[in-house]
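The first chain written gets the first letter, and so on, giving A, B, C and D; residue counts start at 1 in each chain.
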Amino acid sequence: MDDLYRENILDHYRYPRHKGHLDAPDIHYHDVNPFCGDEITMEVQLEGDRISAVAFDGKGCAISQASASMLSEAILGMTLDEVKALDKEFILEMLGIPIGPVRLKCALLALKTLKAGAWGVEEWPE
Amino acid sequence: MSTLDRIRSDFPILQRQVHGEPLAYLDSTASSQKPRQVLEAMDAYYRHTHANVHRGVHTLSEEATAAYEQARLRIARFINAASPKQVIYTRNATESLNLVAYSWGRANLKPGDEVLITEMEHHSNIVPWQLICQITGATLRFVPITAQGELDFPALDQLLNERTRVFAFTAMSNVLGAINPTAELVAKAHAVGAIAVVDGAQSVPHLHSDVQALDVDFLAFSGHKMLGPTGIGILYGKRALLEAMPPFLGGGDMIREVKMTGSRWNELPYKFEAGTPAIAEAIGLAAAVEYLDQLGMDWVAQHEREITAYAWNRLHEIEGLRVLGPGPERRGGLLSFVLGDLHPHDIAAVLDGAGVAVRAGHHCAQPIHDHFGIPATTRASFYIYNTHAEVDRLIAALHKAKALFEF
Amino acid sequence: MSTLDRIRSDFPILQRQVHGEPLAYLDSTASSQKPRQVLEAMDAYYRHTHANVHRGVHTLSEEATAAYEQARLRIARFINAASPKQVIYTRNATESLNLVAYSWGRANLKPGDEVLITEMEHHSNIVPWQLICQITGATLRFVPITAQGELDFPALDQLLNERTRVFAFTAMSNVLGAINPTAELVAKAHAVGAIAVVDGAQSVPHLHSDVQALDVDFLAFSGHKMLGPTGIGILYGKRALLEAMPPFLGGGDMIREVKMTGSRWNELPYKFEAGTPAIAEAIGLAAAVEYLDQLGMDWVAQHEREITAYAWNRLHEIEGLRVLGPGPERRGGLLSFVLGDLHPHDIAAVLDGAGVAVRAGHHCAQPIHDHFGIPATTRASFYIYNTHAEVDRLIAALHKAKALFEF
Amino acid sequence: MDDLYRENILDHYRYPRHKGHLDAPDIHYHDVNPFCGDEITMEVQLEGDRISAVAFDGKGCAISQASASMLSEAILGMTLDEVKALDKEFILEMLGIPIGPVRLKCALLALKTLKAGAWGVEEWPE
């Protein structure tokens, strides 16, 4: 447990980066975690191929919100192809904490939402 | 040894440590733990008796059949069913409710008919009715909930009418803890000519249940919530209703005769039991029922009332904590709460770090959470093996969570 | 110790005596016995890990969820499914077949469509199709059987046509022992645009099964026939088909979102798994699959071929005994027979007196018995733990039955 | 097993009493055991209230056939009300052998058939 709530997670949870909405997002996608009702909206603005602005909004636990905040920071400047290639391991490394199968869904919600938006599909199937 | 110590010594899992702390298991509403008596009954069955039931002439099959049917009789007695033929084995309460919806519903519902359920139902007593209403064209209606988290009786009396064919409700809410007055609700349903389908998933494990006194038409419950194994549930039904219903699943055991041109169904309860049943699980559930009977359901209910009242009081010591549902005198042994802005997942994770297992989420009852405008709650629930000391650990860990997340 | 001795020492029930004789269990086609590895896996789960899966944030629930999903992966690998999402837990093969018939069938069948099955099907692969044809107005047709007890291929080619939407057949008959050429039959179904639904209740326990190589659309099987516990079965399906299908049972776990106005379904495989699943049973089945894998399915098939050939020869020493179905080279490890005018019940009872457990009856396959004009047969069946010495005891007991009843 | 096939059972099986059909039965009823396909037809002729003639026909195992044969002997001369009151214990005593739950269905088939006929119902529910 003390492993789970490392200071950097709590910091992103308390002071989320990029929280809010963009005026004219190129990509805008919303998803929920059916197991707990957590919600995330991811918004991305592109300049050419690269992400030039990002915002997220949502309600949820420290893990899902910190993950969205950290992910938002991480993808700024990435190309859309790079975003499409992000995987579970990327998130786990980013968070740097041990996560069981149920909380994994919280941790991955932001990425799942982002990738569905990037690929333009209804749902990203993990 | 006190009764409680003796009980605890019967549950091997209570010896476990979680994150270096002894396990305080406060999640029995989701699924109970199992006493060794249940595990030993199943193990002994596999080691000495197992064979497929009903058709075998050899000794093992005769013995397995006898044990399997003896288990049915034991379970029938536990709920005071008039006959074991009215006790149908299913996988869980969910399948029991689907069986009624599909089999009774498809034969009896038509456009214009109404199915009435309540806003406090578990998804398992909502979705089957949504599906069957879609298939048959019947209309689904919901009884609303009062601000106190109880059924809105005036609204119920308005909603129940001559078009109502089914009134399906939970005898005890798995979120609010509210114990509904089953006999009274059944009588109301019968007064308008509707059948009463009772979700007993939470009531049967915790309260004395007499299907004849309650006059329920159908009662659904799960083995795993009442000291029994996973993979087994029960549907009780009134004989005339069950006799008149078409079968649900088709296959071995549920037929009398199969010709290429058509089939004739077997008698009750086999008509509804297709394929090789969960034999060991039925025997395990009978051992669980035996265990509960030896304690006495009065003892069970009394123990839970006490510990729930204690937990209710101690939880209300915590600033910003709000418990959903009625007061401790009108509820079962579970308490769902919100604590300020803290997310239930985070609360549960901190509690887990202290060895305290509680559930966080919508507990498969989204409509009632929507009703209160909250996506999720944290739920602590109690059963025969829980202690006041475990409640104290719950409270201490909640203070820790507050300290970590409140800012 | 020989492999066979080692295997036998893993099965506690084989120590049992029946009527003063050591048990010779020749009824694995009905249900297999369980090695202690399977029993221990389930017992350990209940003693150390049990909690409800999927929703819990606490340690036990995380561990239970991991074990439950790990089991799915293990079973997916055993049949070489591309993804564990294509492996749906059910109660038994019967429920798996009903799931396909109800869910796929109701969405896809209409009057004028044809469902083709065979005369050698188990009731579990007949009755669901009878029920769904009744509901949808589709027509049910049967592939006949040759005098040798094999599928009549010319007739099959005639019956498969552009109206055929489903071809459902058993990969191995539980009466005739006939092993059907699954890959070839699947290809024939696909050639006319039908889906192939394979009843693998008898094949998966005994033969290497590769769903991708066989290209089956659906495969149904039961845990209890392959060293696993009762109360669990599997439905494998092709992803696109499963994705397009409406759900079957409604309730907890199978939904993404429940609103009073309607619900959205969860992703695969959960869409088809309503309510608390058979968690311990899934873990037990994974342990069974592990056991079979360690032996190797080649060893299993080879052992059964040998003992079946031996039993075939020895049975034919008995005057008046007739085995149904193809020769030993084209069959699985079971032999159903008639012996003069002796009634199978009486034969089985005499054999039981000698400690030899066989099955007597129509084995839930009445049409094939009707085809041969006999109401019932006696069936001896073999699995990994059976020995030549047990076959010898079978033969000796059959001579005894003859002496008692022939007059 | 040796218990099961006592000499009197085998005797009734080998030399069934009352096997055949009546010319003008007052009651005629046929039933099958769904678990094994055994079949029994019971025919009864009445004189006033009393059974004056009885016949059975059927196919099945030694237990079901011997039970039908013994039952046919036993009911000759009984009143219909007496027949209606016969129960499982009557059959078990008549056979005088230990019987498990599955074979019990064989043993009771003749009585089940007879009682359905006597009561005039489609099936006697045990």
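Definition applied: contacts are C-beta pairs under 8 Å (C-beta built on N, C-alpha and C of every residue); 3 or more make two chains touch, one makes a residue touch a chain.
Note that the structure is predicted; figures quoted are calculated from it, not measured.
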{"item": "Option reproducing the contacts of A-B, where over half of them reappear, out of A-C, C-D or B-D", "value": "C-D"}
{"item": "Selected interface, C-D versus B-D, where C-beta contact pairs are more numerous", "value": "C-D"}
{"item": "Geometric centre distance via CA averages, subunit D-subunit A, whole Å", "value": "75"}
{"item": "Between subunit A and subunit C, centroid-to-centroid distance (C-alpha), Å", "value": "44"}
{"item": "Centre-to-centre distance between subunit D and subunit C (centres being mean Cα positions), rounded to whole Å", "value": "37"}
{"item": "Overlap residues in subunit A, where contacts from two or more other chains coincide", "value": "35-36, 103"}
{"item": "Multi-chain contact residues (two or more partners), subunit C", "value": "19, 55-57, 59, 61, 255, 257, 345, 349, 352, 360-361, 366"}
{"item": "Complex interface listing, subunit C residues touching subunit A", "value": "54-57, 59, 61-63, 65-66, 69, 255-257, 266-267"}
{"item": "Contacting residues of subunit C [partner subunit B, same complex]", "value": "12-13, 16, 18-19, 23, 25, 27, 30-31, 33-34, 39, 42-43, 46-52, 55-61, 91-95, 97-98, 101, 119, 122-128, 130-131, 142, 222, 224, 229-233, 247, 249-255, 257-260, 262-263, 274-281, 345, 348-349, 351-352, 356-361, 363-364, 366-367, 370"}
{"item": "Residue ranges of subunit A in contact with subunit B within the complex", "value": "1-2, 4-5, 10, 13-14, 35-39, 59-64, 103, 106"}
{"item": "Subunit D to subunit B touching residues, read off their complex", "value": "32, 34-36, 100-103, 123, 125"}
{"item": "Contact set on subunit C toward subunit D in their complex", "value": "19, 343-346, 349-350, 352-354, 360-362, 366, 369, 375-376, 404-405, 407"}
